[in-house]
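My questions will all concern the structure given below.
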Amino acid sequence: MPDYPIYRDPPEQCRTPDAEERSLWGRTLERIADHCRARSLFVLHYCTGCGAIELPPSMTSRFDLERVGMQPMVTPRQADLLLITGYLSVKTLKRVILTYEQMQGPKYVMGFGSCTINGGMYWNSYATVKRLDQYLPVDMYIAGCMPRPEAIQQAFLQLMEKIDSGRAQNWKEYYRRYDHYLGEQQALFGEQFHTPTDVIGEARHYSLFGPETLGEHTAKLAKYDLYHPGQGAVDALEVKR
Amino acid sequence: MNAFDLLLYLALATLLPSLLAPKGRSGGMLTTLAYLLQVWLLFSLLPSVSQGGSVAACLEFAAFGHTIGWQLNGFGWFFALITAVSALIASAYATGGWERQCDHASRLHSLMALNVLAMYLLLGAADLISLFIGWELVSWAGFLLMAAPGGQSVQAALRYLIYALAGALALLTAIVLIEQSSGTIQLDALRGALASLPDGLSWVVLALVFVGFGVKLAMPPFHLWQAPAYGYADGPAAAFLGAISSRMGLFGLCLVLVQMVGLERLVGLALPFSFFDAQSLLAWAAAITLIVPTYIALTQNDARLLLAWHGIGQGGFMLLGLMLGNDLGTAGGLLHVLNHASYQAPLFLAVTAVVYRTGTADLDRLGGLIARMPWAYVTLLLGIIGLAGLPPMNGFVSKWLIYKGLLDAQMPLLFVAAVIGTLGTILSVYKLIHNIFLGQLRAEHREVTDAPWGMTGPMLLIAGFAFISGMLPGLGLYLVEPAAAALGLPMPSFDLSAIHAPNGALDMLVVVSALIGAIGFGALLFLNAGRSYRTQPLDNYAGGHFLTAQTRYQYSHHFYAGLLRVIGPWMRPWLVALEQGSGHFLDLASAASRGLYYHNGLRFLVFGTVVGLLWLLIVV
Amino acid sequence: MSIALQLLLMPLAAFLVGLAMVLMMRKVRASVERRIGPPWYQPLFDIYKLFAKDTQISHGVMHDVAIMMVLGGIICVVLFLPVPGMSGLSAKGDLITLLYLMMVPSLGMALGVGQTANPNGSIGIARALTAMAGYEIPFFICVAGAALHYGTTDLNQILTIQQHGGHLEHWGIVQMPLLAVAALFAVHAMLGKEPFEIYVAPAEIATGPMVEMSGKYLGTLFVMQCFQLFTVSVLYTTLFLGGGFSWFTLLLKAFAVVFISVLVTNVYPRYRTDDVLRWQWKWPTGIALLGLGMVMLQIGR
Amino acid sequence: MSKSLPTPLEGVFRRVPGVRWRQQAERHLRVELSEAENLPALLALLKGEAGYRHLSAISCVDWPDADEFELVYHLDSYTTQVLISAHIRLPAAPGRYVSVSGLYRPAGFFERDIHEMFGVQFEGALDLRPFILTEWGGPPPMRKSFDTEGYVRDHYQWVDYGPEWLAELEKRGGGIVE
């Protein structure tokens, strides 16, 4: 058996359904919401790698993703779907993490090509990240270096089907296992790495706490005493390399 | 010993407390109480001045065969009431905590009391001489109040004094001409007396009166002094001056134009071979007063100057309303005097509260104060909605009246000029509130808190009145009625909450309650659509950049870059150059004439005899 | 119909018609780009998804209050706009009140965007107000001309004057052709359509005012777009196209107005801010002044 | 030595000691300097007399066995229109050299890049802060002594994609997934 871990699909943990899910009214509302979320995906217009060139053809007249309700949006606040189109240099990953944390609510990440799975063609480069799902919860990968618009379209349809059936809850993992993700990020960027977004505050606010939300890595954030919502800028936020 | 005498003596008495007890707040407290008493006295005068009645004071003396006395009619009463209320709010604000940061607070109280006394004397004038006495006292007291803080405000006040002296001379010649032509100087006797003057003489009188009173109302070309003079005065003094002081010019102008000359005569007084008559000329002067200062205000970087420039602009609105002559225009013009006072005062007080806490009024060094000074934000918000004339506030009612009046008087181009002025106001007020309260909070303002309650209370009170009188315009119109009756101008039919006109009525109670109801419904929709998480201002989209407290992530300097690229070249300060030019010319002329008699007695003798001979020739 | 029922039905009708107009806009844009375009339910699904977002970011109390002000303002404006069968509160507030009420939601949005403390938003609002200064002048000239021509500013009276006798020649556009054309340019800019759409410039200032709006905040701005399309087009129809005898004719005219501006928008790039001003103050203002002159001659001033 | 030099270059090469040049291509001259110190003088003369105002790049070559760095300055002139690449050798140990950003301002960026990638220290350089590898804590990566694969093996985790359907396919010896 090789010493590095073999990728297995995560076991379908039976999550404890919270109160409103059981009530009929809550279930129908969530069902309608999932239906609408599937049919109106806002894609973030942020091209991180070489696959970005495949997106314009999939949006314009030949493949026309607006038929399924997808629109390119400019800022992470308005977007639901983050496309990692190819290899991620360490520098870009830092901005991708900030962008991901600025996205809201049910958000989905889709990795293009093998570079996001195990480094792909740049497997031996010192500057690129090898496994994207160490740093962000990824919903779907598309094989192909780089996948053509037909493959992208088929992937989007699969993602929509996954959202429609309510199985696309992977974004909550970022809150439930934030300590693990933060640990990986600090291993890469240094112990003082943190983003202006208050992920722990949001987890507490939306009751998305998991066993691994707080841990030894998040303890390092405490000394920054960052987050006073509505209090104004805090000068302890200086990011040291 | 009627109520008007009591009012005058009380106004004299309010000088004393701050003179006798300079230290501590007792002087200020007593002055505020005195103003409260004055307001109560004025309200007790209401029944006797409505329907054109007037109250004569026993202060009277005879000189050169004319009796000079004082009596308060409805028109004077209306302005006196606004003066008293503005002084009350300003002095309450000054004693509420502002005096801790100001060494000359007691001097401010006494100067303000002096101003109020001078204004009563002007507003209560029964004849032209007492009018002139009151006018001079107002100018002199205004100069003292503006020069109180010292430094650059003394320069601005001196500049005002020069304009005021020029205005006073023009006014004096006008009074002499009126007295010669009509034989009497009693205002009641002069009612409509100037209508029968020959064209040439009436044009001269109009021009002199326009210069005399226009200086105080800061009509262009005399508008250069007012912004620095009012802007750099002390906070409460600026609020008082901005609210009412320049409306004394409007009082005088209307007294002569509407009461003595009469609007029909103005329409009849046509300029040869041009379709301009006196009324449309004055209306266009008001329209220019409305537009030019508003767009100058747009470019200001100091909050107080921006507000002072707006004070000039709104003066144009009032005159425009009064020049129309139809019922809606009159009500709009006079109501705008009250409305403007009710939102200009809180605006100046809110900006003073910001200066009190942060030490600066420079729009480029402020930002994000809403998180720290919410009550100052609420006051400024109500004030700018009033200044811009948007529905929930009273500013909208008077602007609506003036717009309807313009449309009924079939003057569409003036309507468009008024709209251009309003658009300029909307743009510059958003710049004001955005640069001070919105955007990123600066690191040095993180511990700033709201002004003490003694200051926030009065400004919220008057801003609240502005909102209430917006919801119920009848309140303002009941006060305006005696003034219109005294001037002999028609009033539209109105009740507590609505103004009725055959071709388009306005019921503010319905409009405001519909707005508040809809906002309530919107809140209902908004609040149960999922919970939102309050985050700190640095958690912001910056194109992937990590924001830190050191990055200056705020757009406030050169706020309307696109607009200024178009209108920038139109606003080169050529008038300021003209003013400085005339100043230099006067210096040269005085130096040259001094050369005549200085150091040289003989040349002076020759000069003296020549002038004497010339005089003899003319007189004989 | 009782006033309470009208107060409920008018916003609902406005919202549905607005949704249809947004759908028409996106379909026309798709067909201009030779695409199929979104399904019929797309605008509604977008808005429902935004309102059903699980997490949303607010930047302060004023950010929330401003969005409520926007929702309330747009609903309140619709109550004063007479539509066939429902005159709502239009007897209580006339044309000038309606135009000023239309500024309340944009002021609310401006304050909310200011609170989000993002320079992109502030630049967007500065540009939006500059564009407003651009198109409001010709629009108010047309409003002044129309008010003088009809002799009233009460919208119901304007409708009855134009629908008098049921035939065409009393319509505003027939009596005042120049004013109608100038007003059309101003309406095109008021809808924030392409040549004059300088405040939601995605390429330059990251969608301007909407940069920090997530979830229900963005949903509210989508709803505001629907209401604004409805209000502006029905107001233009009321002033110049004789309003609607029935709902069908009203919608026909309103869709025609929006259709013209949508066709123009899809083939034009975006002007610079000062070019928008120069253009608006030159052509529509000139035409409007000419039209105003004709109206003044007509009423024999 | 093939064709004769254009006249301005003739004068320059004569006056700078230890200059050996070779015609690399039709319009390309390769110039080698024995002592590294007179490179700034050469550049100044070329710029002054022969119109070499354009420094298109500075590249660095790592000779691990000779334990030396070789700096190559690529210059071009719009008047003489002959590309010159000036080569100098530096001992790798101190890895220090003088900056030419005074003569050519773009050299500031080239030197900053070489400093980051090879660790060569340029005195008087405009700015030597990290330029591209802002998140990098390791040694200068372009040196041949740097083991890329070893660095990747320690700092990054692999993943080998092995779902069940692929395992069965391998058992069947390949084929197409139904």
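Think of it as A, B, C and D in the order they're written, each chain with its own count starting at 1.
Heads up, the rule we're going with is that a residue touches a chain if its C-beta (ideal position, glycine included) is under 8 Å from a C-beta of that chain, and two chains touch if they have at least 3 such contacts.
In this text the structure is predicted, and so the values were computed from the model without any measurement.
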Determine the set of chains touching subunit C that also touch subunit D. A
Taking all protein C-alpha atoms shown, work out their mean, then name the chain whose own C-alpha mean is nearest to it. C
In whole angstrom, how far does the Cα centroid of subunit A sit from the Cα centroid of subunit D? 39
Can you give the whole-Å distance between the Cα centres of subunit B and subunit C? 35
Approximately how many whole Å separate the CA-defined centres of subunit A and subunit B? 58
Please output the residue numbers of subunit D that touch at least 2 other chains, ranges allowed. none
Out of subunit A, which residues touch more than one other chain, so two or more? 75, 77, 94, 202, 206, 230
Tell me, which residues of subunit B touch at least two other chains? 368, 371, 440-441, 531, 533-535, 537, 539-541
Hey, which chains are touching each other here? A-B, A-C, A-D, B-C
Can you list the subunit A residues touching subunit B in their complex? 46, 75-77, 94-95, 98-99, 102, 195-198, 201-202, 205-206, 226-235, 237-239
Which residues of subunit A touch subunit C in their complex? 29, 32-33, 36-37, 39-40, 45, 60-61, 64, 66-67, 69, 71, 73-75, 77-78, 80, 104-106, 202, 206, 230
Subunit B contacts subunit C in the complex at 368, 370-371, 374, 377, 381, 385, 388-392, 396, 400, 403-404, 407, 410, 412-413, 415-416, 419-420, 423-424, 426-427, 430-431, 433-434, 437-441, 498, 502-507, 510-511, 514-523, 525-526, 529-535, 537, 539-541, 543, 553-556, 559-563, 565-566
Could you list, by residue number, the parts of subunit C that touch subunit B in their complex? 51-62, 64, 67-73, 75-76, 79-80, 89, 91-97, 100-101, 103-104, 107, 110-111, 114-120, 122-123, 125-127, 129-130, 132-133, 136-137, 140-141, 144-145, 147-148, 151-154, 157, 198, 206, 211-212, 215-217, 219-220, 272-274, 276-278, 281, 292, 295-296, 299, 301
Which bits of subunit D are touching subunit A when the two form their complex? 130, 132-138, 141, 146, 148-149, 151-152, 155-163
